[in-house]
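Same chain, two partners: chain A is paired with chain B first, then with chain C.
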Partner chain A sequence: MKIKDAQAPVARFRGRFKAYARFMTAAFLVNVKATLEYRVNFILQFFGMMLNNAAFAAFWKVLLDRVGKVGGYGFSDVMLLWALVSSSFGLAHIVFGNVRQLGRIIMEGSLDVYLLQPKDVWLNVLASKTIVSAWGDFAYGYIVLAMMTGTELERFALFTALIIPGALIFAATFAAVESLAFLIGNSSALSSALTEFMLSFSLYPEGVYGTGLRWMLYTIVPSGFVAFLPLRVFRSLDWGLVLLLYLVAALYVGLSYGLFNLGLRRYESGNRMDARL
Partner chain B sequence: MTAITADRLGKTFTTRIRPTGRFSAARSLFRPELRCIEAVKGVSFEVEEGELVAFLGPNGAGKSTTIKMLMGILQPSEGTARVLGLDPTRDRVELSRYVGAVFGQKSQLWFHLPPSDSFRLLGAIYEIDEDDRKWREAELVERFGLAPYMDVPVRKLSLGERIRCELAASLLPSPLVLFLDEPTIGLDIVAKREIRQLLAEAARIDDTTIFLTSHDMGDIEKVCKRAIIIHHGEVVIDESMKALKHRALSLKHVGVRYALPVDLDLPGLSPVKRTTLAASYEVDTRKHSLAEVVRALASRGELEDITIEDEPLENVIASIYATKSGTEAQAFGSQRGETETRTGEVIHE
Partner chain C sequence: MSRLQKTLRKYALAASTAMSERIAYPGNFVGSMFTYALFVFIFSRVWAGAYAGATEIAGYTMSMAVWYFIIAEIPSFGFGRFFSTLSRDMKSGQIAYLLARPYDFIGYSMAEKLGGSLMEAGIILAEGLVVGLVLVGLPPAIASGYPAGSSSLALEAARSGFLVVSLLLAGALNFFLQIALAMTAFWLEENEAFFWIFQKFALVVGTLIPIEFLPEKVARIAVWTPFPYLSYAPARIMVAFSPAEALSLVARQALWVFMALLLARAVFASGSRRLSVNGG
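What follows is the complex of A and B.
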């Protein structure tokens, strides 16, 4: 029996897009349901994460009240920086919850279930989980935004438009380093280091970094694209630059996707007992 | 029509040799010693559409590796595979629309959610029209008796209930070929029987090609019509279940108990177990006439009891598994598979 697909390219693309949109929506809803299955845990993690972030806000408030500005950033700049990074980071882990488990899944040979389904493996594996505490991060950003800028609709729209490429860049970067598990077996140390670097560098004013370090922040540890550039765009209300961020995000996603699929050729399945959580 | 073709399929894995000796661990960091392991060596077979095939072999024989190559999870090192006319490695995504899989040890259902949620997501993954999905789900729920479990989180289901749901989930996209790897592992007798019935029924109703690996002879005997036995990475037996059973039927276990002690040795046939009054014999009916053996035993003294049993199929397969190499296993298989009946050595008192 020979199976053939005789659809025209445009119709095929439209069909693929609709199919993936349906899949991503269904995966998201299933993940939300799985999260809400343990309501108390959800509430604890949600508010726990917001409290954790708020503690840093208190720290910055005390510091900036004493010294005025750090690296050219005042308190409202730092808070908006936190809001952007927090919501982007949260969104990345809500939609692509497996992003920091990818290396372990590869190392343990647990990609089989995803390889057997007619969906892109990279997208399927990343989207098949959500991280509970990430909802706290995501919401924190919007709360800070409301506190700093009020309820102006355009600001909310721009903020939302900015955290989407931020989330994509976070997810693509983490997924890329996790994909190194195909080559080096265990990428957990590298992955932890990159996560720490990216978050730490993103949460301090850009002015504190020297020129050499800034190069790194716009390439291998792209804090510049998830924090500093979005903050500048937000401050200047420059919608034109938003497009640039989407292009950068597409580049990071493309590179990460390519690296994963290159490594996938080296994948060796395992016989571990698995459940989808 | 051919559903599955494996043509000289082989897979070699490279593994690191664990270093021994002083400083060897440090040395191996820079110059690791590698070893090639041939997991599958030139396996060839064809499976026709609608066939029910058991793919057997001991642990480490290469069963799972072969199945994974057929499903496109692993890339073959040599040879080619075709499933439904597609190359599993190159056309994996396309093929996955028409092929289902049930792994006893891997779940495709969300552990914390009821099966109904997983079914909905699987509908989106396999791009089944929502109305068709609902209709198909309702049909599977009825056929598999899943109504009481559809809204219970998977973690709260028993293993048997979960596997039933797994099987139904894998049939949701109406696959043309269904691969099953140890689907009844860990199940009790009743649950195993249910799963076997459902599998046989699925093959009959949906006309699905079934390719099953299992260590459970019950699964194989009750579900499959043909057996392919793989050992040391090579196919050693490929024949119908009927022929395989015939191998078992040619060996009979005869047990006797006498009222008084007698000479238990027969010409050309010694007991495999004996006590003063009882003995048991393995009678190869291709060498000895069973009637003659029974007559000879009856003539030895006053019989209190006599039993005649077929050799379990499990023993035949265990004997093949016990061989040291693929060639030895093939030779063993063909030796036991001789179908012509030879009754030259008739026992006479």
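What follows is the complex of A and C.
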């Protein structure tokens, strides 16, 4: 009887984990289906994003052919940086497509539909949408990876292992700033600023930023954890540090989740008639 | 009042109304101003990194490269987003109302879109001058080869004048090329891809980096396309001004504006015949 009692929380956790894994898979598949419903749009957005990224690749090629290195990064470093950031950012928006709509949903009082469902509100609202163009970003990283390092399986595995915490950190950071809508009402300006900061700082060599900025890149604008540290890990094939990145991602997710739930107590419904289709 | 005066007055009124609408919501400028300042800051750091072991690259010093970027980004921020509203008007059927009115569609659209964006471009220019002064100090001195006897004040005035004219021509060129692309909606529902390709070429050929940085063969081809005249021309005038080169750049810009106008008119003439309006 006692052994049974001790095992109960573990079994319950395992059960809930499985249920959420099923839920996330189902949400993902529904989103994919919805995306493929508009095939032309999907293909256009997919290639549009890749084209956008390729334009910057051309810029770096031209510049680095002239100067060799910028901030300690050569062409392959910059390309791998873009690959990591692009795939992480893409993955975050494929799986948690509502992440940058969260503030608007809160502000309009449209959380009711998620509050009434028997799943965690935060996860449910974030995973209930996918962003079509994000597939282009996601794929771009792998294409660059194949072009820069070949098709070595270990590199692909390490790359995938690195973009998952990157995506979680992206999503958690964006969700945290969007959750400020509970406290300040309209958080869109702050959210846009953080998105610009995070993407812009992540896509350029770490060495170009002075030491005064570095602390920011490993705290409130965590470009260091989605771009610079993963690049170092990828370069050195150091699997040990991957675990550290997962712990950092767990910390960011925990803080973001906590902030959302803290704010949720102040939530006021907009009495809207919404339905999830 | 002559007919020409009446026509000009009509379009001037459309431009000033569009400008007043923009001014009514000054908060809308904040996002662009913030992004622009962030880009300029990051690129100033990138250039500092690039110039760590060199004083000059492709004829540009670090100060020139930063000031180049400051000016080259102005057309992107000020005049780079006509396509989406124009394309939306075509697809939504709004064009049916515009065509029935007593004005030339392209002329009116130009007055409205370009007029509305002048304020934003002006604000970004003022911001760029302040950010540039803070980051790298005064703009580069005027290049050698002045006409004999000309005073530095007169040359500075000439540089400013050419810069403003070149920015306006960049705005007009941007408009005509974007409206020509937007009018492909007469044939195709999904026409964004054309704009993306246009935008990315414009970014690489002369916006992010001066065309002197491009490989020689590419640069030689690039000068025969309209892309350098969207942002390279005003930026070059700012960082390496000489009256002869400025005149040549502005003349080539004007030529491209004229050709882009012809292109827009041709696309409109052909496409508007395909327009079918339904509903009441």
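By our rule, the second predicted complex is superposed on the first by the 264 of 277 C-alpha atoms of A that agree within 3 Å, B and C clash if a C-alpha of one lies under 4 Å from a C-alpha of the other, contacts with A are read in each partner's own complex, and residues count from 1 in each chain.
Simple rule for what comes next: a contact is a pair of C-beta atoms (placed from the backbone, for glycine too) under 8 Å apart; a residue touches a chain by one contact, two chains touch by 3 or more.
Everything numeric here is computed off the predicted structure, so don't read it as measured data.
Once the two complexes are overlaid on the shared chain, A:Val67 sits against chain C while remaining clear of chain B. In the superposition on chain A, A:Ala8 makes contact with neither chain B nor chain C.
Shared-chain residue A:Pro118: touches chain B; no touch with chain C.
After overlaying the two complexes on the shared chain, residue contacts for A:Leu247 are found with neither chain B nor chain C. Using the contact criterion defined above for the overlaid structures, shared-chain residue A:Glu196 touches chain C, although it does not reach chain B. Contacts of A:Gly207 after superposition: chain C is touched, whereas chain B is not reached. Touch criterion met: A:Asn41 reaches chain C, while chain B stays clear of it. Per the touch definition, chain A reaches chain B in the complex via residues 1-3, 5, 19, 22-23, 25-27, 30, 33-34, 37-38, 110-113, 115-120, 124, 265, 267-269, 271-277. Interface of chain B with chain A (complex): residues 1, 3, 13, 49, 64, 68, 71-75, 84-86, 92-94, 96-99, 101, 103, 105-113, 117-118, 120-121, 123-127, 153-154, 176. Per the touch definition, chain C reaches chain A in the complex via residues 30-31, 34-35, 38-39, 42, 45-46, 48-54, 57-58, 190, 192-193, 196-197, 200, 203-204, 208-209, 213-215. Taken together, the chain A residues at the contact with chain C in this complex read 40-41, 44, 47-48, 51-52, 54-56, 58-59, 62-63, 65-68, 70-71, 189, 192-193, 196-197, 200-201, 204-205, 207-210.
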